[in-house]
Every structure is written in C-alpha cells, then in structure tokens.
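Structures given as structure tokens follow.
The same chain A turns up in both complexes below, where it pairs with chain B and then with chain C.
Presenting the complex of A and B:
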C-alpha cells in the first residue's frame, strides 16, 4: 500500500510539480515585511494583505531541518545502517508505503509542532520538499 | 487448480530463453510466448474482481528474473533501478512484470505484456494508454497494484474503477494506534478502535480499516488529499457489509471537497494466507434494490508468471471477512 507523499504511491506526482530546492522566489509588496535568515540566505518571509497578494515561497530549508527530517525518515523506515538519506532522497525510492508516509508526517508534525494538511503532503516528493514545507509552516505559525 | 504452464519443473530443465524484443505497439499480437499465459476465466461482470499476486522472496532464479526484466519498458527499468537497494529494485521490477503479464491474460493473449503503455490521470493514477489510431483492440480493463515487503498484488476489474490494498496483519506501527487513528480516521472509527481493549486485536482492526480506506482512495484515484481519511468512515456492519459514509460534521453539503466522496462503492475484505489483510474496492453505479445486497465477486491467484498459477480463492488461503 503506497500513496501520498507524492511518489510514495503506486503513482508519482506530475513532474511539473517538482520544484528545485535551490530556487528562491522573491516578491515584495509595498506593505511587505521582509526578514532574512542570515544563515544561507535561505528564507525570505513576506507578509502582505492576506486576501490579495500572497506569494508562494520556495527556497532551501536549513541544513538542520533537512537533517532532522532525514533522521525521522530513517527511524520510521528502519533503514539499514549506512543507508544514505539526503535532501534529494525520494520517499518513493526509499520504499516508504502509505502507512510509513503518514507516520513520517505525524513524526514531523510532532517534532516541529506544525500541522500538515493532506494537499501539502501530497506535493512532497523528496526529503528536501518536506524540509521546505516544514519551514514554511513553522514560519506561518510564528507570524 | 494448477496450470503447469510450459510443462517444465524448475531446476530440472533450463527456462526458455528470454523473448526477443517485440515492437512496443499495443494491439500487435504477441504470438507464441503468450500462449504460456493462459487466459483466466473472464471477468463475468463489473462486480467481479480478479487479484493476481506474487511473493518476491520466492523468486530468486536469475534467468527467471531476467525474463521478467525484459518485459519492462526502458523507463520502467530506469525507475526500478532508481530504487534504494537491490531488494527494492527487484520488487519494483516484479511489480511491473506482474502488471504487464496480468493485463496480457485478459486480452486473450492478443496483447504482448511488453506492448502495454501507460499514462497517468491528472492526479497521477496510472491507466492503460490505448492507441487511438483504430488499429488496435481495446479492453475496458482497470487495474491497481499494492505492495507489501513480501507480497505484490495486482487487482483487475472490467469497466469500473478499482483500488486494492494489502497489508501484513502483524504490521507494527511506530506510532501508537489511537494517535494514528485520531490524526487520520473519523471520530466514529476512533471510538470503534478505542473500545478494543486487547492491543493485538486493536492493531488488527486498525490494519483492516486502513486497508479498506486505502483501497477506496486508490480506487477513487485522486490521491491521499482527494479523499482525506477523516472525511469518510468505513463501518463493518453487523451483517458484514462495509458501508462507507461521509463523516458527520466534517463533510457538509457546502463543502465541495466532499462532493465526490460518493457512497457508490463496493468493498471486499479478506484474510490472505493468514498473514495479510486484503481490501478491494470498486465503483458500483448500479441502482435499485439489489444495490449492496450482491457481494463483490473475488477471485485470487498466486502466480509465478510463465511458470505456475494457483487459484487460491475458494480455499483456506482466502478468508472473506465481508
């Protein structure tokens, strides 16, 4: 049984949905609040009028976040020692089935104190995607 | 019922050499090789589902595995090799070989397993791509695949959407059962599970519910977010029918996200080989008094493609729960 977290399923998400992790989309509105994460210029936060201008941010999560995701994935999937899990690792290729997937998502929610809705979870193909989403959600929560 | 295909015993004689590459054109008759995939009894109606499964751990003969590999398209081979480690690679390869050989059986061996092409619906669910140039035959076949680490199953239905999910009965979750249920299932399902005091029994009921819900979501083909688990309940009714209903309070009529969570679905849940639960779900648009009263017809075969097929439904290996 497999689905969800994008290609953890018997089907994988449309290719068009995959976003290169390093891509950063900047958009600044006249009433924007912009904050920078000094670590890798990795995070631009934008607040604008919620009902109108809302920009989707895609950018690289901190290494620390990626590492935490890797750790949660490794423990959920009980991967053999020495298995490499990186930001590029695809959940489907690690052998995660749908039950693994929901457990991983729950693990991430607990670790980062966020809630991941199913639509967002479905777009996640790689560990990096998960880390990016987590940081986005953490930020939205803090705002 | 055994089919001794090729009349050879494993190990006593060499397997036939792998087939020559055939043109990948759907509808082109495959010829001699596919006489060794005997046609199963046909799918009698839209309410019948056939399931073919194999056990990867039992398939270790290299020339056999090479033969299966030859059936895959180049992109399937590439995808299989992208899996992490030889075991996952082998499973991915076998999954495609199972699908192709199974589909071929339902075309009266007119279509070479290698000839099938596939596309994805807009939500990513795989479907057969039939060439629309009028030159090839088409069959209204629908399929769905499910993996566990020790078994891969392919469900086939005619003219109707199908979803299948298989899970090991003893699958241990990392998270606590009730936490998982509270996060993902409906309140009524959480209540149902919470009332079970024996933890083994509770875990089994969780797995049953899980496979039923998965089978439905896979039949629907809209992905996990298309039918969030907590928006519909699967209830095992006292007369052993499974009713699917929209979760009260979560789904109101104004919520367009629930519009297609219709109740026109038919389920079967069975124990398989005493180690697995298998849930199958098909769409059932029939109307009238018979709706729900005629159970889904299920036939199950264990297969080693081109070597041996064994009908297991109707034996102890398949125990219908509903």
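Presenting the complex of A and C:
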C-alpha cells in the first residue's frame, strides 16, 4: 500500500515527460526508474521510493507500539511467558474482563503519556485497536 | 429510596475515575494502595447480582472516590522531595 501511495505522489503528467520513442531506452538506466512506452507516444514513469515514515500514518500502528502494548498486557494479566500476544489477540480471549481492560488502558495512558476518553476506551477489543488508538493520540498530541 | 443498580458503563467509569485519582498522589505507597484497593473491591463485587447490594456498593465507591480526591489535594501540599526507592529505575 505504501508503494502505490509513493507512485501516486510522484506521478508526473504525461505532457511534461513526452519524449520520442527512440530516446526512451536511454532513460531506463537509472536505479529505480521504470518507464513504460505505450503505443501512444506518451509514457508514464513510476518511480519506486523506499517507503518513508509519512506514508505509514494511514496504515496500522508501528511495530514497536504494538510490542509495547503486548508487553503491558502481558504484565497486567500476569500471563505466563509462553503465551504469544499478537496484534490480533482479543483481550477477552486472553482472559481479561472489562475491569482488566480498564486497567490495561490506564497502563497504556501512563506509558505513552496520553489521555484516552471514555468512548474510545469502550471500543478497544484487540491489541491492534489499542495500538492504533495510541498512535492516533500521540500524533494529535504532537501536532 | 429505590435502589437502581448501576449500569456497566457507570461502574467502569467509576473505576476509571478512581484509577485516575490514584495517579495524582505523589506518594508511591498511597498511589499503589488506591489502585490495588480499587481493583480488589471492584473484582470482589463483580458477581453481585441483586440490585440493592450493587447500588449500595456503587454509592460506597463514589464516597471513596470523593475521599481519594480530597486526600490527593491534601497530600500534594506535603509532597516529599525525595523519590521513593520503588520508583527508581534499577541501576
């Protein structure tokens, strides 16, 4: 998904890049620059860029956020070391009741120095939900 | 006075308020005690099925919240300067 966004961001209008077909082959040598010559004498260049941090905002939360959340959940619920906690784990599956969920959200508030309001806290069902909400609040706070 | 059992959302909201108030204490011991006591009390009363008992427990919880809020203000006037050893990171 980040790739397609990068492509959309660097899409150049065909009129500006119009070249006769004979010179197209010379343009392909640069790393990462791919041009397709269609029959219509105009080509589209798709440049692939390594995905930068700003494109990740619309995707799900960063891995270290998810890991931190997993760690807090594990310590709060006192899960034995062997249990795997992933982004998709639901709190109810891990044996947490609603009181545990409130405590976990409190722990996350302290860890990330954010404030979660009541309504958002009700919607948190999985680790991924929590991580996404945290990311959103951290961004809002920094802005 | 008709005893209306508190809704789930109210109970969780009270719990959240208690935990938030606990955070305001500067003393580590009192902070931890408030958290522990709140969690224990709510967990213990989880299974209360009849409405009057649940309502009574809820009112009791609200009173304790008021106590905690007042005490947080009083304790902050006399906050210790040194950090409690439990709060220091392991070196």
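By definition in this document, the second predicted complex is superposed on the first by the 84 of 143 C-alpha atoms of A that agree within 3 Å, B and C clash if a C-alpha of one lies under 4 Å from a C-alpha of the other, contacts with A are read in each partner's own complex, and residues count from 1 in each chain.
Keep in mind that, in the parts below, contacts are C-beta pairs under 8 Å (C-beta built on N, C-alpha and C of every residue); 3 or more make two chains touch, one makes a residue touch a chain.
If you're wondering where the values come from, they're calculated on a predicted model, not measured in any experiment.
Student: A:122 contacts which: chain B (first), chain C (second), both, neither?
Tutor: Touch partners of A:122: chain B and chain C.
Student: Pick one for A:75: touches chain B only (first), chain C only (second), both, or neither.
Tutor: First partner only, chain B.
Student: Of the two partner chains, chain B (first) and chain C (second), which one does A:102 touch, if any: first, second, both, or neither?
Tutor: So A:102 meets both chain B and chain C here.
Student: Of chain B and chain C, which one touches more of chain A's residues?
Tutor: Partner touching more chain A residues in the overlay: B.
Student: Tell me the contact category for A:135 with respect to chain B and chain C: first, second, both or neither.
Tutor: The answer is neither, since A:135 touches no partner chain.
Student: Tell me which partner A:93 touches in the superposition: chain B (first), chain C (second), both or neither.
Tutor: The answer is first: A:93 touches chain B but not chain C.
Student: Both chain B and chain C touch chain A; at which residues?
Tutor: Correct list for chain A: 97-99, 102-103, 106, 118, 121-122.
Student: Residue numbers of chain C touching chain A in their complex, please.
Tutor: Contacts found on chain C: 8-9, 12-13, 15-16, 19-20, 23, 39, 42-43, 46.
Student: Sort out for me which residues of chain B touch chain A in the complex.
Tutor: 82-85, 88, 91, 120, 122-126, 144-149, 165-167, 171, 173-175, 179-180, 183-184, 210-211, 214, 217-218, 223-225, 228
Student: Where on chain A is chain B touching in the complex?
Tutor: Per the stated touch rule, the residues are 1-4, 9-14, 75-76, 80, 83, 89-90, 93-95, 97-99, 102-103, 106-107, 117-119, 121-122.
Student: Which chain A residues qualify as touching chain C in the complex?
Tutor: 97-99, 102-103, 105-106, 110, 118, 121-122
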